[in-house]
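Look at the two complexes coming up: chain A is in both, with chain B in one and chain C in the other.
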Partner chain A sequence: MEIIKRPGGAMANRPLHFFWLADCSGSMYGEKIEQLNYAIRNAIKPMQDVAADNPNAQVMVRAIKFSTGAQWHIATATPVEEFKWDNLTSNGVTDMGLALQLVAEQLDVSQMPERCLPPVLVLVSDGQPTDDFNAGLAALMSKPWGKKSVRIGIGIGQDVDLEVLQKFIGNPEVKPLQANNAEDLVKYIRWASTVVLQAASAPASQVKDQVSTGVVPIPQAPIASDVEADDVW
Partner chain B sequence: MSTLLQNNQIISGELTQQSYSIDTFLGAGTQGEVYRAQANGRDVAIKWYFPHYIQNDLQLRQRLENAIRKGSPDNNFLWPLELVTQQNNNTSFGYVMPLRPNNFKSIVDLMRRRAEPSFHALISACLALSESFLQLHAKGLCYRDINFNNVFFDPNTGDILICDNDNVDVNGATGAINGTPRFMAPELVRGDSPPNTESDLFSLSILLFYMLMLHHPLEGKREASIRCFDQSAMNKLYGTEPLFIFDPQDNSNAPVVGLHDNALVYWVLYPQFLRDVFTRAFTTGIEDQHGRIRENEWRVILINLRDSIFYCRCGGQNFYDSDSVKNGENQKCWACNHSLVYPPRLRINNAVVMLNHDTKLYPHHTDQSQKFSFATQQAAVIRHPQDPNRWGLQNLSTNAWTITLPDNSIKTVEPQRSVNLTAGIGINFGNTVAEIQV
Partner chain C sequence: MNWQIIGDSVRGASHKRNGKPNQDAWSFTQNEGCTVLAVADGHGSSKHYRSDVGAKLAVQAALELLNDFAHADTGSNPRQIKQAADYLPSQLVQAWRAAVDNVDEGQTIIPKERYSIYGTTLLAVLISADYALYLQIGDGDLLVLTEDGQLHTPLPKNTNLIANETYSLCEEKAIYHVEFSLQFFDHKPLPALIFLATDGYANSFTDSVDFQQAVQDFQLHIATHGSDKIQDCLADWLNETSEQGSGDDVTVAMVLLTADTNVANGEVIMLPE
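Presenting the complex of A and B:
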């Protein structure tokens, strides 16, 4: 019989709710949506590793897809250890505002546990909203958990409306990331699901003069790679 | 997933001109990535910096060169051995250090209960940490970033390794790293002062509290009242309004049942002298840098703590607390809840060493001039070869001991001979005297 060596349980921690908000509009059709699927699948293991190395957080993942309307892609908050990604398909318009409405509902105090780490929202899009984005953003920001969320915006290709992503982020010191090729997308998605995840729960060593306004300090994002001609969208 | 170096890539040592061949990726941090590498069939670890980090830390190269020149404070540091560079790439560089063996686990594993040391091994790890940081500070250096991720331990032995030594600098120098939230001293969280030896000592107290109690010493009611644990919450809890969860003068931040159970379970398990030192660390030591607990005090406390371990018949390790024994409290085993029976013990000056079936004494115990030395065994508890009910203390030193029996008669115990564990026997080890108590 293995004797218990010491009493007590694991160190106390808090849930951290992580939301993907993925653009599935018609313009994402083809390579873009497949590259997004690939980039997210690629980020699962690193995300799980970061979570496993972080005793302060219990990471729960959900995902919203938006095109004509917005729906839950992963509706139940899933422990990151069990997080799997079913590929998205694309067609329709870009109802980004509705996606923000949908996530806002879940960030209502009545829907959230009493104590949490700041939620993390990662918005990925290649275009501009076709619906009332401002109304969606207002709904999100009307929720205390929405205001306290850490928001990251990743743009795909040249047609993305960076201004909209910047508005979503709501912190002038954190810029939207623009992925011009598949490699950058992989890098940015991975950064959002590891470095940002870590920053929101157990900030790493504080580098002097790093971005420190906002909900939590966000470490510097990776730098875009040199663009190779055949890899450009 | 690595982003900087590739498998089989060759990088070269600045000092030795040695070629290192990059093997597997080991992990990434805020400053760079760490890889296993080989040189001459020998495994080493190589840290390679993110180019953007180098731009932010202009003293990095100089600091590393100094560290390499001075060498490691002791064997427990995964200290930089030499700088490495890559041909045709001057955007970054790195350094070589010893590779951490697989039997070492992180403090995160301890917190998540994926590594389960005995109390004995755990306290040995705390002691080794205090000793290594003492060595580093004694050299006039400051570590700057004591936290969960930079310390590793062997759950079976309590051996430790300290990595991430690239922020180490002369105490008082300006550096790029301010520390890690939850570990930073309040004056650093508030931005009032840069890291120094005194703020390292605060972080060490936090780390020791975490290791022994699996909880943060400032996370009580105030933490529970925070809904969203963000930057401003952390600034308040660890910077502007820090309050110890067991502050004897102010219980407004006491641990909350159901949320902070580890703190409640462990606090009462340890002897009063440990509670006293943590109380000082997080009351007077919180605002007053002069009130921080120094490593040499931790050493004494942690050795005494380890010496106060004894076994319940269920095998559980418990702690002897002479204060509670004096108060006539009936101590129960935390594991099986049976009343505990104390083994014989040895009183040496103000310290008590429990004489368990496996207790060993070292120069630290038997020679006042060799405090903190655990180099050689000087005595061991053994069972009488013919009479299993008789226990003794065997002299493993090279000198005879003089013992005084309860009737005041005097005898010698030659090397290899043993003295009965009988109440009232005094042992003179040479320059140190002790008394057996039952």
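Presenting the complex of A and C:
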């Protein structure tokens, strides 16, 4: 029987870019940064499992660290199956605006073609920006993929500026998560790495003029645990 | 001129995994006066939970509307045809809404919510003796390969639609997002193949070059192997495309300029006069 070649050129699943934006300022020193490292490392396997369940999405991971300035912690878009986590250390101030500018540079349609799935940005911080956060947010929202990104904000401890995280999320129906202890941080990081990733990796169409709350409906976040006051950051 | 139709639609690989139906639809009608082909992509999220029905209604509405348009008393005067075409966006939206009202049977009282439940895109082409009319609302691709081998997109590309956003027949201001264009056949070269596909198809290719190659390959394969053979292969190719590519429902349908008068094995809808 004659086999006819399928029409068209190369096919590929759709890239989904996942960005960690991690606060490495001096106030994260000690247990907070240690637990953040642990939580992200702990979420790698579940994240890989979720990605493997959807072969039509190719999840690529990158990470930015910000303190005094912002830098790439993982600069190369890394396939999730090869994703490893090197420990972050803490020192300096909280240049969150610069971190947003850095990620915004990667969200051009020239670098992230239209066929990509909406990128996921997870911002983790324990404080408030010391630089021009609004300029960073404006840079992010000026990019088509910045506007369409799925943005999750996780606050660590009592001193976090939740208003800033809410501005970053830009969706009144999605609230920042506040981790007041190690257990919650692990839970929230895992939720962002798995449940949110799953939602973003197979999104149904959204009608343009009806989208007021983001292009991907965000699933329900886990509830904060009931812990002893001594365990609270 | 004789026009032949090839097309098929498959349930997406991710829809199979998640137990969702195929929310795309396609169909065509052919008679002495015209050929009409339409493709639709229901939105699919929980908010649009009857979008598979909405897509079928959109296809049916487009076939009836464009068939009526071709047979209306506009003659072959381009100016009159253009004037009449200006009413198509509002006529289409009205026809689709009326069809939704009919099938919904009063289950959803608020019109905005009712139409949203059935939300869908639409791509359509009408070919008469004198012209081709292309029409689109929302995402998906409509390409024309002309006799001289050039590939054209007769409708403007919505550059502000990325990610999974789309315009829709269910929008309040849907008529402003219905794009259409007319090509009169006194301007050569003629279309040799008119290609319609839901976005699950283009999203499965690495880039637009690899996608556009598919349109050229279809024409070459049909010339080499015959349209019946390509029609037979199409569902397997589309399943492979969804599995290796986007995972979305995939629908591809095309109209071919042909010397013979055989019609492909497909659904021919006979519309009332």
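The definition used in the following text is that the second predicted complex is superposed on the first by the 207 of 233 C-alpha atoms of A that agree within 3 Å, B and C clash if a C-alpha of one lies under 4 Å from a C-alpha of the other, contacts with A are read in each partner's own complex, and residues count from 1 in each chain.
The criterion applied here is as follows: contacts are C-beta pairs under 8 Å (C-beta built on N, C-alpha and C of every residue); 3 or more make two chains touch, one makes a residue touch a chain.
Owing to the predicted nature of the structure, the values given are computational and were not obtained by experimental measurement.
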Practice item. Quick one: classify A:14 as touching chain B (first), chain C (second), both or neither. Key: both
Review point. After superposition on the shared chain, which partner residues are touched by A:222: those of chain B (first), chain C (second), both, or neither?
Key: first
Review point. Touching A:79 in the superposition: chain B (first), chain C (second), both, neither?
Key: neither
Point to revise | Which of chain B and chain C A:69 touches, first, second, both or neither | key: neither
Check your understanding: Which partner does A:172 contact after superposing on A: first (chain B), second (chain C), both, neither?
Key -> neither
Exercise for review: Examine A:30 and indicate which partner it touches, taking first as chain B and second as chain C; both and neither are also allowed.
Suggested key: neither
Point to revise | Residues of chain A that lie at the interface with chain B and also at the interface with chain C | key: 4-12, 14, 53-56, 114-118, 144-145, 148, 202-209, 215-217
Point to revise | chain B to chain A touching residues, read off their complex | key: 1, 3, 29-31, 51-53, 56-57, 106, 108, 111-113, 116-119, 122, 145, 147-149, 167, 175-182, 184, 210, 214-215, 219, 224, 226-231, 234, 259-262, 265-266, 269, 314-317, 334-335
Exercise for review: Spell out the part of chain A that touches chain C in their complex, as residue ranges.
Suggested key: 2, 4-14, 53-57, 109, 113-118, 144-145, 148, 202-211, 215-217
Study note, to complete from the structure: Interface with chain A, chain C side, in the complex: residues 13-14, 17-18, 41, 43-46, 48, 116, 119, 121, 138-139, 160-168, 170-173, 202-207, 209-211, 213-215, 217-218, 221, 225, 229-230, 233, 237, 240-248
Check your understanding: Mind pulling up the chain A residues that touch chain B in the complex?
Key -> 3-12, 14, 45-46, 52-56, 114-118, 144-145, 148, 187, 190, 202-209, 212, 214-217, 219-220, 222-223
